[in-house]
Amino acid sequence: MGHVSLKSLNKFYGDLEVIPNLDLEIPEGSFTVLVGPSGCGKSTILRLIAGLEEVTKGEILIDGNDVTYLEPSQRKIAMVFQSYALYPHMTVAENIGFGLTLAKLPKNDIRKRVLEAAKILQLEDLLERKPKALSGGQRQRVAIGRAITRNPKVFLFDEPLSNLDASLRGQMRVELTELHSQIKATMIYVTHDQVEAMTMADQIVVLNEGNIEQVGNPMELYEFPQTLFVARFIGSPKMNIFQGKVAAKYQCQTLGVRPEHMEISHDGGILKGSIRHIEKLGADTLIYSQISGYDTVTARIIGKLEMNIGDPINLKFSDNHVHRFNDGIRIDS
Amino acid sequence: MPNNKVLAIRRQNFAGWTMALPACLLVFTFLILPFFMAFGLSLTNQRLVSPNPTEFVGFENFQQMLGIGLLTMEPDVDDTGNIKIDQEGNPVYPRVRNFTRNQDDYPQYFKKREWFRIGLPNDKMLVVLAQDVVFMKALFNTLLFALIVCPIQAGFALGLALLINQPLRGINIFRTVYFAPVVISMVVVSLLWRFIYDGQNGLLNALLQMFSLGLFESVDWLGNTATALPAIMAMSIWQGVGFHMVIWLSGLQTIPISHYEVARIEGATRWQTFRFVTWPSLRNTAILVMVIITMQAFTLYPQVQVMTRGGPLDSTQSLVFQAVVRGYEKQDISGGSAISVLLFLLVLSISLFQRYLTREKD
Amino acid sequence: MPVHKMVGLALRYLLLIWIAMIFIFPILFMVVSSLKPDLQLLMDSSSLRAFLPVGDISFNNYTSAFDRAPIFFFIFNSVMITGITIVCSLFLCSLSAFSFVFLTWKGKGVVFAIILATFIVPFETIAIPLLLIVNNLPWIGLEGFKTSWINSYHVQIIPFIADALTIFLFVQYFRDLPKDLVEASRIDGATWFQVYRRVIIPLSGPIVATAAILKFLMMYNNQLLWPIMVVQEETYRPVMLGLQYFFQLNTQWGEIMAYLTIITIPVLLFYLVLQKAFIASIASTGIKG
């Protein structure tokens, strides 16, 4: 339950076209992450699915039913907002059960389902509190709890972790993934953070200016980015991009090499330069070096390294790990 | 399937309209409709109850109200060619009615009445005639009221706001007291002050006499053409100054404390701090305060109704009071409407002026 | 504290107190005078005794004022007219503001612009045509069918329910509320009215208080011009018109002061209790959008 298909979706804001023409299948039970830089239309797509914005053209199907013009509440979806959107004047229990109250369910049933959700999210002790008295992480859980009680076919998450601090974000990533495997509903998750996409998704959709750049699972995207945009967007630190002589050597316009595939060469590599900056992360070391004729090139070296800023450096990479692009599109060898 | 889209749009349209409709309908019926009617009526001769059918008369009502004539008179001359002099040694002038009752020789003065006269050199006398002297006085008084009350009330209000904005213990008590008259009805205030202004037993006379050790001569403040309008002005300021103090205060409180701290570190005097830190930030508040006071001044009514009913000798007539007297008491709907339209044009010009002033900055 | 600072502080308080006296004394004079017989009242007004409850103090003026005029009746009228207007105004104005802010519908922009434009139309300029309108409006009430609204409660209520200021205050407040809440409740299955009733209104406490206070001051205090025009029958008169009773053959100033005190003190007490809200309301009329 919960297969979502978007067919020739088109959206204008006044004269501004934000989604030109978009087709996308979101398989039942998947954890699909829509990722892209701000302004790429990812939130708009989510809001179109939710019914909070009206499509200009195209269709939205959930399990084969056309929901394009249905009210948000009739689409069997639930949404978790970036701001959590908790009702400040209601207790946690009232917040979680609000949808059920509106549906005029018997009080006992509401109570039961609120408790169920609270148990999954470890909110049992907080049920009588107001949102104001909760921490960021707790509020986040209440928002998820409210979604769970709706028993939706599809969960929609709009950058839900961006208001949390780094450590909590890591923890919530794990919890959300666990929640997904526990309730097995379709989840559509919007973020601009490619780390979240990589760690949680089983399907990633990379968006750029309202168009889909690539759809695939995290490792596909990482190992075989189909466009230069995806190559640059996925992976941290970012992929090194070379044009000119180096690219020409591989018969392409643009050549990409991930930092972990760069090596220090002691017998004169093809890239000569000096070290601008070093980040020692313990397990590995990031070297940012200035290569003549190119931008900064990043290399990730395993282990510790005894080098200093300003030292000369030679870098090389193996032919097996290059990504070649012409006109921004991958060319396979 | 496209039906769904139409339905979805209709649903929102329906919900939106349904929720907005009751209030909009009320605004339309009781604000917008009468507003346009005022324009329409001012071009007719409609009366509340009249045997004659209503006719369209164009701008006659306005001509009637605004008609003005200037008459320059020479002093009367006796048989010997000398200027006639009255007992007090002033030249004697012809009677104004010689001109205004004589349609054949002076059609331009016909049926006009003297509004006021100004002495010119060479013993000439300029008489300003008006078709509708009472209206002219009402217009003049209303503008005068606005012109005088505005700067004084705004200035006092700013002074009070600065005084109240100090971090002193118990300052809230003073704020509460200064604001108190605002919540009292102007009707009540007017009646109370009618008693205070009373010529015989009035509190004001008594206090002035006491403080001047008996030197002060009692004045019938509201019964004297020279003091009636100023008395109403003073009372209006007393009642309304708290209102504007609060608006100034909210303007003052938007100025960050750090601005004052910088000024202190740089060694600004109190006056310099006000001149270069406080005042520039208050520009928009100042415009707002002035506009609100002007609008309130233009609609001067309860004070006149309760205290003087326009008297003595029309020295406290106001536009709104005249509109009510004509439109309601004399049942002259069209005449009252014409005054209303003029009043609205006055208000509109002030509000456009405010737009202009505030837009300039952006 | 150094001496010169002490002196400065003392001077500041002296100024504050002196100004406070200007504002308080007329009010004090009203209350004190209402307790004195006319003869003493007139004599006292030539000295500072005018502000002191001394001499022949009694509530006689109050008893005779109540004998002279049906004061309770006037108060009842005023309270009822003001109360019903406030309740209806808060409901209908907030409802339309909700629609203006959160819903999309055809013609919304134009309608809202027109409503805002009425902001600068003073009531005084439309009173006369309005008189003509209400004079010709039909009404079906308890007494049956009538062809005019003149001499009634509703003629003093209905025209004042909706006004641009109240709608505008709500619109401004609603615009600052997080839109997410509305969207979340739509997903939760709330109808638009339920969103209004169960999500937005519970969050609108401050603005409801502001709007109510402003409406109260507008209605209770300004019941003069319009009632003079549309209410001839005593039955429907508000307190401000009740004053006419006291200006008959021989004006009894003590009674007038008693009446003024009766109709003013409740407002002043109300103000003292809620002074923060009162002052905030007035200040909010100064926030231009």
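First chain written, first letter: the chains are A, B and C, and each begins at residue 1.
Following the convention adopted for this analysis, contacts are C-beta pairs under 8 Å (C-beta built on N, C-alpha and C of every residue); 3 or more make two chains touch, one makes a residue touch a chain.
Just so we're clear, the structure is a prediction, and the values are computed from it rather than from any experiment.
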| query | With chains as vertices joined when they touch, what's the shape: line, ring, star, complete or other? | reply | complete
| said: Count the C-beta contact pairs for A-C and for A-B, then tell me which is higher. | reply: A-C
| Using mean CA coordinates as chain centres, what's the subunit B-subunit C distance in Å? | 22
| message | Between subunit A and subunit C, what distance separates the C-alpha centroids? Give it in angstrom. | response | 55
| remark: Per the C-alpha means, the centres of subunit A and subunit B lie apart by a whole-Å value of 64
| said: Residues of subunit A that contact two or more other chains, please. | reply: 71
| field | Multi-partner residues of subunit C (each touching 2 or more other chains) | value | none
| Residue ranges of subunit A touching subunit B (in the complex, touch as defined) | 54, 66, 68-71
| Complex interface listing, subunit C residues touching subunit A | 178, 180-181, 183-190, 194, 199, 202-203
| note | So, in the complex, the side of subunit A touching subunit C is made of residues 50-52, 71-73, 77-79, 81-85, 87-89, 98-99, 102-103, 146, 150
| query | What does subunit C use to touch subunit B in their complex? | reply | 9, 12-13, 15-16, 19-20, 22-24, 26-27, 29-30, 33, 42, 45-48, 50, 92-93, 95-96, 98-100, 103-106, 108, 111, 114-115, 118, 120-133, 135, 158-164, 167, 192-193, 196, 217, 220-222, 224-225, 228-229, 240, 243, 253, 256-257, 260, 263-264, 267-268, 270-272, 275, 278-279, 282-283, 285-288
| request: Going by the contact rule at the top, pick out the subunit B residues touching subunit A in the complex. | output: 1, 4-5, 7-9, 11
